[in-house]
């Protein structure tokens, strides 16, 4: 039987039952009872890109074993997978066994394809940052990647809506940088150094809202994120890196043009304004072309990713029509097929 | 004394009085009286990119001559120009004389720089359209340029907000196509043919809302625009071209993939959804990635142009800070200066 | 046991269990399992005005037969019907059998009372259209009824909210025309010909959003409806009829007053503006008294029908008080009883 | 020279200067100075349907006399009237004289045409009320007309938007009753007695917000209106009439069906809910069909009157297009001309 | 086994199963069937501050007895209580028995702690009212407490959001008065008499929306509340008390300053404006400092109570973080612990 | 002739012309021309609490002298002051002279009454801060007052709406602290130390948005304020003070309860959430009782101050009724007079 990821199983199950093996971390094991007072155990399971729930009934041979699992456990689940219209992905006729240390290590690394893609994206970000001309912005970006790069590579771009997977923020950031680099020549007045640095830092506060641990796939709630919000955390992070670097480079930066304090304020502005409007949580509205461009580049990539994901997860309503997936504004319709001679 | 455009004068007058000559069309000549019962004549004047108001007092030597002007008249206005904080651009110590036929023809052609830029943009649009692979979309775009190209090149992209000048729609359309071509490789699933055709047609209804006559600079109100709105006019225009072409090419288009009716519907969708949300007048929300991409590309270019224009026309509040220019969301701040070694 | 419609059963079941027979089309037969892994089959059932869901457990004698049903099947369901507070109408102790061809034909015709009412409404529309004085509007309306009358008579006025049944659009349209004819003498300036034609066409785009097939009761989703929305489809339909008729009547229509193009634009305006405000999907706001009147007549009839339907379907909260049924703005209260001497 | 009303002058002045006489009340005489320190006197003038401002310069022969005027003065103003695009209607080369007692009495009665129309409307209301079958609602309506009829006939329907003239509320109420009587047969379930009573009382609180004095045309601000709003005042007025009548008719009303308390509550509901939604100031949303019908009938008549008024007062933007007049949602377009053979 | 209240059980059950006895009123006993056609009986149970649902399966020994219960029954429920994440509080291994008359009387009195607290609050209100200096406002408040005090003490402050228990309105009112008395010295211009009377009456219409019967804990829906809303009911109640008192005190109140009618209008204003904005159902916005102060004092106390309640009932998301409880605007975070040396 | 402040003059002028002397700083002297081409000079004048505009015509004896003034000049203006309905406060028959150094110093100190009030408020803040029990919050508050106290005392609470005068922030902060101290005993769970510190810092970002210079009364626009907004500036300021103090007190703070990082986060939360909702610019919504209390205390004091100011500056509409002063929600009505025996 094939070893598949949860996402691969979910896609296949759109067309009927799938027999497969899957490697997952146990997120939680909660004892429950049905309304009819039948006890069962609810397992939360996760891999690098997806999650599912497994209900273990008290008459299942693995009931006792499963009830004892914790988030330190990594298991192989083998069975027949179905897509239930109300409850989502479900397993039947299943068995479990613990992963070997090698399997667990492989699982934590994530699927090869994802790993390769995120490696490419991560390298691209590093190269792009290296090419920033303004020494202050370049130093700041590099310091961030040095100090926080690991955590950055474990962070999702959002809790639900888009790129909601370990490393999703790296993918989103790299794609935004690519757009910026493509568009910049069309608007020669844009300060590209600033725009690229703004892209790198715009969601860096999410390292405390949507990061995942080194040895697991659980995105927990964080009091710092709740009390400050990722925009304010991002501002604080930049300020803290900036303070250190400007102390170290006091002499070198003193007479640069534009003045360093201007650079700092404009970069903070790009972070603070990137949600575009107060009702979406921006403490300030975009007041420079760079801030406005960043806002639209962010939205463009996020929405296109939502379409890509929606086509595989949204409930079909009719041929080529899918149910709305918020925050998209309406139902989804399949793209027009490309003309091919 | 220098011959300048109204926009050039407006920019110079930000730094104090300007002595200059300007060539303009008379839009209107309205007899008025002040509250103190002093009669005067109010001239509306326009050139290719801008407009101003000239008040002619009854004791001015040209009062009688000016009172007789109509929108058939083209004049040179020579004088000292000031920026009045409440009333905008004003002329003092001025004289007028009719333009020669050659001067009038030159004026109607617009400034050389603008002409060159719009020529480049117009040619770029034609080449881009030629490279569309889907024969139906290509034929439709070319038919539009053939049949309506002249009117297209005389149309503004908006009444006020951005590219509000003769030919502004060509500039906006070309720039959107450039963005689309740059971005497309980053999103291989996008149907670029459809996206480009959607860009060409997205505002084509404005040929009846914001077009200017061949021999003048006046953008009037149009009953068709009022009763239908530019989105519905655009849908109708595409349908009318499509009907003709699909009759002529019935045989050739019969078995193409994707089917022609699909192509038509998706193109209409891009037009109908390009404002993004119902509250901005879209009868349908974006339901495909191409429609979503078009919406953001449209906004991105429009907003960046609003910044560019705002920096020269908005009221300064302090060094590098300008008063809000709607529909931008707040005050404007000057871009961070680029680092230059 | 009585043969009843689904709506009749639903109403009776508000007062307790009902034993009855009902004739329905099978919309769908979906194999499912409960959370406890018990397989069952879910049948979607529909008649002319209503729909219900029947769960067939695997130990039911008809389980196998029911699992094989398709939307080509028409059945009689006999049993005891209950109103479940969470799951709605449910059947117990039931049996099924296929309908005879005569029974199926009778079912497809709909209940006699509904048929008679819709026949009256349909005739009234035809007569009203005949009495339109403007030859262009009259010809257009008649052409629509000739060409699309059958589909029109199979279309619902909405998917959920009001008149959501086959022929519901005919009922809604006729009632709106009656209101218009009653109100018109009170506002002598209104162009009644235009208002009546606008009423006929205002929702004609729904022939592609909410129509039902000739031999069934299923309202499916339609890509054209999704991509264009019913307002734009309606504009296109009128344009297409208009083009044909104005070619055929070119001579006769040439010198009529008002000019034919004015007539066309004002009619399109009534369609485009009938939702009243952009946030409800109108690409243009009402700019003439006829457009404004149409908007309010549409709402008045729709809301009163929502009350009528709500009184029989909404969940009672207390005597004479019912739970909110969207889009009504709050709970429903029973009308004040009429005084009767 | 013709004696005209202010409205007649305003309409004529759309086509150029008008020489005329007009009879008006002085609302106020305020001493002012121009920015250039020239003193002048500003007279507020009003007749039955309209108002204007007259500036009296210090070198005008009537300056001293005009400065002494109060709201006890009624004058004839003779002169040449112009429409100033910014300041509205203006008079030049004018003279004034006091009205004779006969002229003043005639002015206070209002123009004959308006008087006749409002007499018709007032009589129609009385007859309609007489025909209400429920004895409680009929008695209540008649008590209102007896006790408050004079004030009712002096009240405007609004401060600005529609029927903003003495007696405007009578015109609006009568027209709403006519609509209700026409529509009622189409919705047999409607309680027409309740609907008619609701129409009579829905704006009765405006007798304290928008009433005019017996001997003048000034609509002042009222502390009661400010502190309570016209809906709450209306509820209080109905309650106060009801209390008196139900005491007097305790015996006769005791056993009527429906119970009197139900009648009272439903009538109060129609008043409280007639603005339709909380954001427009309704303390409760419409929860019965009668309340919903009243809401739409109110809006329908108000909006159609706004169009009728707007066509004569709104600023023309082009042939058949007029500038927006709030609260209408967009520009106004002239109605389609009626077909006339 | 301990006798606990429902709220005490709910709190304890956050940390695991609780064995306890609880005394409750039966609100309703509804026969139901599961989807699998198994009959059961659903009991609604309530005590002074809380409510729960008990499902009685047909194989439970008490099934028959429970099915016969009505809202006249008061029972002791003994068992093991669990917090089910989806269905809330549940009982297992339970037994029931009827309460003795003494137990029932004790239950109806509510828990001693609550009773003591509400007694304190009620006394505080009476004392505060006694100290009002304006004889009209003092008389009005005292008349209200005399005539409606019992019902007042049985009324909740809201159906769900805050103080949603018998007597909750007394607690909320007393706390608002305390705030007003504390704040008043800081704003010497405030009319404290008016503010205190406004606080007493601001929600008095809830005596008909959210009151509970003398011998039970059920808050039903009321037609008067639906048709009028609590604000209008409150206005009517004050008017009716005022009428009686001002008749009785006609002589004494005649020449007081400020005039009695001013006092009445300002008090009504405080009631009408206390929701602050039309979209929250206020027929008038706050136009005096007292109305504005009342609005904020009301909100301040309501929101702080929502936090206090939310900390014990909201679903925990992580340590010290709780899920959003509407109408609070976001998740809840535990207060910062107080510093304690 | 009396020496008055601008505010005193403005109040007196509501009742007619006032002859007075006033000491002011020149904010600006701008050469202008009227529409009739008459040159004049516009002087912006300001004192501690108010500002006015003086137009100096070219035929005024002081024209030349005034045209040479800069913001380094402080003058006495003597004349007759009028309230112009359109242009506000105006001076006639006026003369000017420079202030002596003593007069200038006195002016810069502000009126004695204001100085005394702000001294009281400033002292109260210092004492309140001293009484904070948590050593970290106390140290932070004291460090702020030490380091930024002077600037704090020169800052307005807002640009326009309330306390828009030098030192207004001190007044607003002190009053909020007083409210907090009064209310705290009523809500024993509140962390008062945190709430007081939150009040001190909630608007501290305004030291860069609304501060005034030491030697003048001009509130200019600041790029930092534009790019970051006062909330983010406030967060940064607290962080910067915190870093310094926590380095200095590393040992002493190490084992305190609650942990210092919790204290820091909760304080930042109070600043970030004090606008209450995202649409008013808060990057995070209030998630603790302290944050919610701060939000309402802030609003309560601000609104009551708006009423106090509005009564003296708003345009009267009728006796005791004033025109709306944004952001108050409607017209203002005079408070009910207090009862006085």
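When the chains are written out, they are named A, B, C, D, E and F in that same order, and each has its own residue count from 1.
In the analysis below, contacts are C-beta pairs under 8 Å (C-beta built on N, C-alpha and C of every residue); 3 or more make two chains touch, one makes a residue touch a chain.
For clarity, every value in this text was computed on a predicted model and none was experimentally measured.
Asks: If you apply the touch rule, which chains end up adjacent to both subunit D and subunit E?
Replies: Output, common partners of subunit D and subunit E: C, F.
Asks: Identify the chain pair with more contacting C-beta pairs: C-E or A-F.
Replies: By number of C-beta pairs in contact, A-F is the larger.
Asks: The D-E interface: which of A-E, B-C or A-B repeats it, judged by over half of the contact pairs being the same residue numbers?
Replies: Matching pair: B-C.
Asks: Report the chain whose mean Cα position is at the greatest distance from that of subunit F.
Replies: Between subunit F and every other chain, the largest centroid distance is to C.
Asks: Could you put a whole-Å number on the gap between the CA centroids of subunit B and subunit E?
Replies: Result: the chain centres lie 61 Å from each other.
Asks: Can you compute the centre-to-centre distance for subunit A and subunit C, using the mean CA position of each chain? Integer Å is fine.
Replies: 44
Asks: Approximately how many whole Å separate the CA-defined centres of subunit E and subunit F?
Replies: 40
Asks: Which subunit E residues sit where two or more other chains touch them?
Replies: Each of 223, 226-227, 262, 266, 269, 284, 287, 330-331, 333 in subunit E touches at least two other chains.
Asks: Under the stated touch criterion, can you name all the chain pairs that qualify?
Replies: Inter-chain contacts occur between A-B, A-C, A-E, A-F, B-C, B-D, B-F, C-D, C-E, D-E, D-F, E-F.
Asks: What does subunit D use to touch subunit C in their complex?
Replies: Listed in rising order, the residues are 133-135, 137, 175, 178-179, 182-183, 186-187, 189-191, 193-194, 256-258, 262-263, 266, 269, 276-277, 284-290, 292-293, 296-297, 299-300, 303-304, 307-308, 329-341.
Asks: Note which residues of subunit F are touching subunit B in the complex, please.
Replies: Touch list, subunit F to subunit B: 32-33, 35-37, 220-223, 226-227.
Asks: Under the definition above, what is the set of subunit E residues touching subunit A in their complex?
Replies: Residues 34, 38, 55, 57, 82, 84-85, 87, 90, 92, 317-321, 330-331, 333 of subunit E touch subunit A in their complex.
Asks: Please output the residues of subunit D touching subunit E within their complex, sorted ascending.
Replies: Answer in residue numbers: 223-224, 226-229, 231-232, 235-236, 239, 265-266, 268-269, 272, 278-284, 287.
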